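Each of the next two complexes has chain A plus one more chain, namely chain B in the first and chain C in the second.
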Partner chain A sequence: MSLKGATALVRLAQNPRCEVLGAMVLQEGPETRFFERVVGTPYDREYGERQSSKRRGTQFERNAYAGDARLLREALAPVVGLEPDQIRVRNLLDDYPGTKDDARVARLRITRGLLKDSLAGRVAPHLVIQPQLLVPTNPGPRAYFFIAPDVLVWSQQHGLYVPADLKSFVVRENEVSRADLARVRLQLGAQSLALVHEYDRLDRGKTSVPATGFLIFSHPNGLRPHAPRTEDLRGAREAVRIGIESFLRHRERIDRLRAGAEPYTVAAELVPHFEERCLANCVMSAWCRSTVAGRARDLGDVPGQLLGNLELARVTGFLLGTAEPANDAERGIAVELRRIAAEHGVRVA
Partner chain B sequence: MKDVEELRQQELELERRLAEVRHELSTRHTPDPVKRSAERRPLRELVLDALNDAGVPLNSLLIASVFRPLFGREVPATRFGTLSVDEQRSFDSSRPRPVYLCHCLTHDRGQAMKRFWARSDWPLEDRVIGPMSGRVLFLRGAIWVIRLASSAGEGADERLLYVAADQARDAGCAVKRGDFPYGEWITHIQAQIERYSDDDRAVRHEAAAELVARLGERELLFGAPGELTSIPGTSTRWNAKSS
Partner chain C sequence: MSALQDTLTRVLARHLGRALPIRSTSALAADPVDAIGIATVKIVTEEQIQAIAYGPLDAEPTVIARLDPIGRDVADLVPFAEFLKGAVQRALAREGEMRIWVPHSETVAALDVLGHRYWRNQTARPEIVRMGEICRILAHEALFAGQQVIADSAQLLRDHAITGQSRTEDGHLDALLAWFDAQVADPLEEARMRSRFPASGVLINTPDRRDDDRVDRLRKEAKSQSGARQRATHDEIRRILSAGARREWNLMVSARRAFWGLELPTTGLEDLVALSKRRLSAALTQGHFPARRADKVAIELDELDSAQHTTESCMLEVDDAARDCARRAGASIAGRVVARNQPRPGRRPCTIEVETAQTVVRTRRDDKVRIVGTNVSGVVRDIAIAASGGTRVRVEILNGVRSTGVLVPGARVEIVEQTGGYVRLRELSQAAARGVWMFFGDAAPVLQATPRRGGSPLTVARGSRRP
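Right, the complex of A and B next:
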């Protein structure tokens, strides 16, 4: 799996300071290939989405879209403000099926036509299934990100389309774990930002796209859609915007360094930003972690924030009295460490 | 502990039973004559016949799911893409065919809806997709499949019954495991179609008249070309390797 589309934007939003991630986004081909070329050995750990999750997601979408999206119409009727029978649906996979770029471009063209129709007050569908949007990052390599929400839904409240995403996670009472929710909000944030761009190119900023979207989870039994959850996307949209800005900075630096060569060739010269969550979602995590080995950040995000980039041997030295703090910040750390040690009955020098 | 002779007898008995099971399996796997002849016929002919039988444009996903039990034939999604290209090539060649497989057209722009297949000998208004036509076509396709299942009779591939039940469920009919009330399903679906059909027909007729005036013969079969879409970064400075 290569880092493309909304996945890339979500990862950049989660860790905007990582230049290695920027290089991975620039590099053609799958992430594992990037790892192999940088590290020189094959990537032999678990990677990617589980097959069972993929199957569940596919089945959930199939159920939701079947019968001219009958279940989706029922779920989203309150948002559209019409009876399910009155809701107009257009599934762009019927217009132009496929996952290759030519199909994406064709669906982008159709989506733009539908947005234009709706702004002009012409008859337009209330639900657009599998639309295609685009976030431009030109000029430069990787000049755009294709963003494909599951659905654009006409919101009666806003008089505009807003994105909705179907998630087949097992949830109870429509509640989802905090980590999962943060990630899917970022996805929705990327979709909302792409929608802002598309409306903007049609009417030059006259339309204010609300920072809102819908998450539609599946019921635990039967893969039917739950009632849609309205999500406030102000934070997520801003995080994605910051991620894109960081990517533009990383791209500029990488382009300077590589001088026409492929991005992976300059990985060793880039500044990684290792975080705990990298272990769960980045193939380069072990490589980046090795750059903070023996330092506070190796212990996790909180020690990293508290102790900065201090070497662990030096921290131990403060405690044992074998190292002298060099400044006020280090003196504060030393005092606090000794206080904690005393509180817990740890014998130090 | 059993003696050797007893074990040998058991072994012989099991081998005999295995031979019987294998024989039974091989007889059950022999395709029926309809399936055998369908396997030899080109996909285009089978699709043309299916459309003729249904009398309504069909979605390629539905066609594939019906051909599996009906003809014992797997049709991958990409095969329909090839079929479309072949049909257009054939239209462009110097040897015209009496009928072509073609796509439905959107009511406003006349562009192809590639998953909806129709026959070129149908009136244009029957091949136009209005804002509500997707639902009408789904419902009419569902009725076609339910009728196929109901007329299949004893010995039919039971997967056809399940495809029919899936269609009924997707149309909002009550579906119970092992129960196939075809008549009730059709009545329920017909009632839904009636809700939309008048308005839908009016839109399609009006759109067809406009499209005929605007599009050429080829475009009326395979769709009008789309507008050019601007994609950033198409400069030749950035090639695939460097990006």
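Right, the complex of A and C next:
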């Protein structure tokens, strides 16, 4: 899996200060290859989506789109404001299937046509399945990000299309795991931002695209769409916007450093921004972590914020008598550390 | 615990190369006689259990490896359903006393999804339906603070000790356990190595060990096979799944051993045990009824909130370390009685003045407080800076005015807020009948303006305060 499309934007939104991540987005090919080229050893941890997850996701979408998207029409009827039978559906995968760039460009052309029709008041589908949008970042390498929402839904309330994404996570009593939600909200934020761009192309900013979107999760029984969940995307859209801005900054610096070479070649000269959550979602986390080894940030985000760039050996030195606090903040740390050590029966120098 | 204390304890744990206990007592009562364990392996995102290990904790577990976990046929789960039913019957015979150890919260989530799938399934066998209901009851009970039924071993270790790694890394049970094992020379490296394989109720799927993808492929292959070849494929699926479930079970057993190895006293938890027993036995006998209407949800939120207050109160009462943290945050006041004003001995009115060296106290006037370790409780009537530079607190004693041990000048006392749980059961139960607009209306009622009496609300409140 390479860092492309919405996945790249979500990752940039999560950690906009990381230049290494910027290089990974610029690099062709999967993240693991970036790791192997930089570190020199194969990536030995789990990576990418499991076969079983892929199968489930595909099956969920297939069920939702079957019979002219009958289940989807039923689930989204309240949003569209029509009876399910009255909802018009267009599945762009029927026109141009596949994930190759040619197919994406063809779907993008159709999507733009449909958006134009809807703005002009012409007949347009209420549900556009597998539309294609674009976030431009030109001029420069990686000049655009293809963004593909699962569905564009005509919202009666807003009189515009809004993005909706299908996720096969199971919903129990209307609750979804917080970690799952945070990531998919950003994904939806990227889709909403791409939609802003597309509407903007058509009417030069006259249309105000609402920062809202729908998440459609799965019922616990069978792979049927649960009632759509309306998401406020103001925060997510802003986070993605900041991520894109950071990417443009990183790209400029990386381009200057690499002078035409591949992005991975300058990884050692880039400034990583290691955070605790990198451990769970970035192949380069162990490598970036080595830059904070032996320092407070190695113990996590909160220790990093509290102790700054202090070396752990220096902090324990306050206890062992091998280091002297240099200022009031360090004296406070030393007093508290000695108290904790005494509580645990550790001898203090 | 403050962020700084947490951080510096991590620094110390890293330096010492072992986990450090942060509580002086256990938040979990001792295991009842027949505590059981459950460990599951699910299909990622599918949330379907594909292997389950269960049984008493002092024996090898029974393992069910499911060849077709996404199929409609759940006959393979009947032995587990029977086991659960038996465990519940024994618990009901002991007024709801039950203990189920699980490796981590993902197991509870997997059981909850299992419950969701079958507790109202009219085509499933009755024992499967009952299993579904029991699973939902157990998952619901796990939501209550201080509950004593589900022992989430990873969470218990995290609540009672701090390691020398980050919080995120503590989320991995196997990595966490490296800090509790005296045999491990370098827990930091060991933990990072262990975290290569998941410990969250799923099969391993690293480049060198693609168990999950392999099982997925074998299931597909088995569909087009027959006879001996199909049997061999099924055996291979069972072998991988059983190994996965046993791995989870072993993690749970190790975590349980590590937890009890902390040797923290399990006393003072009688109230929490009684609450847990009451909730569980009621649900197991009456059935599970999730709150869906607004007033019912409000009652449930009150119940959860009440459990939280009761647990916090209990911990402050029994745990020195928790009280120490509370003291430093100003939530507990440790001081000495410097004066008592009780005109008639052993009778109300009775007021004591407590002086403490603490400069930060969170208690405010009119807060209800109690004195730790006694039956004495009252209301804070005044807080002032003491001549010594500390704080002087005046408390009107409302209960326990006959106590002779603590209500005398010179006695050392520790005052904490009285945060007993309260569920507005009566008020909220009447909400539906009265059609309260907050729950059942679309708009707030229009209130007519009335002339202001007695000045501003602040003036009214000030006037109602007792001197």
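Assume the second predicted complex is superposed on the first by the 320 of 349 C-alpha atoms of A that agree within 3 Å, B and C clash if a C-alpha of one lies under 4 Å from a C-alpha of the other, contacts with A are read in each partner's own complex, and residues count from 1 in each chain.
As a working rule, a contact is a pair of C-beta atoms (placed from the backbone, for glycine too) under 8 Å apart; a residue touches a chain by one contact, two chains touch by 3 or more.
Predicted model, so just to flag it, every value in this text is computed and none were measured.
When both complexes are overlaid on chain A, the residue A:182 reaches neither chain B nor chain C. In the superposition on chain A, contact of A:85 is made with chain B only, not with chain C. By the touch criterion stated above, A:51 is placed in contact with chain C alone, chain B being left untouched. Of the two partner chains placed by superposition, only chain B is touched by A:260; chain C is not.
Once the two complexes are overlaid on the shared chain, A:95 sits against chain B while remaining clear of chain C. With both structures placed on the common chain, the touch criterion links A:28 to chain B but leaves chain C unconnected. Of the two partner chains, chain B is the only one that A:106 touches; chain C does not reach it.
Judged by the document's definition of touching, no chain A residue lies at the interface with chain B and also at the interface with chain C. Listed in rising order, the residues of chain A touching chain C in the complex are 42-47, 50-53, 55-57, 168-170, 172-173, 177, 220-221, 276-277, 279-280, 286, 296, 298-303, 306-307, 312, 315-316, 319, 333, 336-337, 340-341, 344, 346. Residues 26, 28, 66-68, 70, 85, 88-91, 93-98, 105-106, 108-110, 112-113, 117, 122-123, 125, 134, 136-144, 260, 262 of chain A touch chain B in their complex. The residues of chain C lying in touch with chain A in their complex are 3-12, 14-16, 20-21, 43-47, 109, 112-113, 116-117, 121, 164-169, 192, 196, 198, 204-208, 212-213, 216-217, 290. Contacts from chain B toward chain A in the complex involve residues 59-60, 77, 81, 106, 108-109, 111-116, 131-132, 134-135, 138, 142, 166, 170-172, 195, 226-227, 229, 231-235, 238, 240-243.
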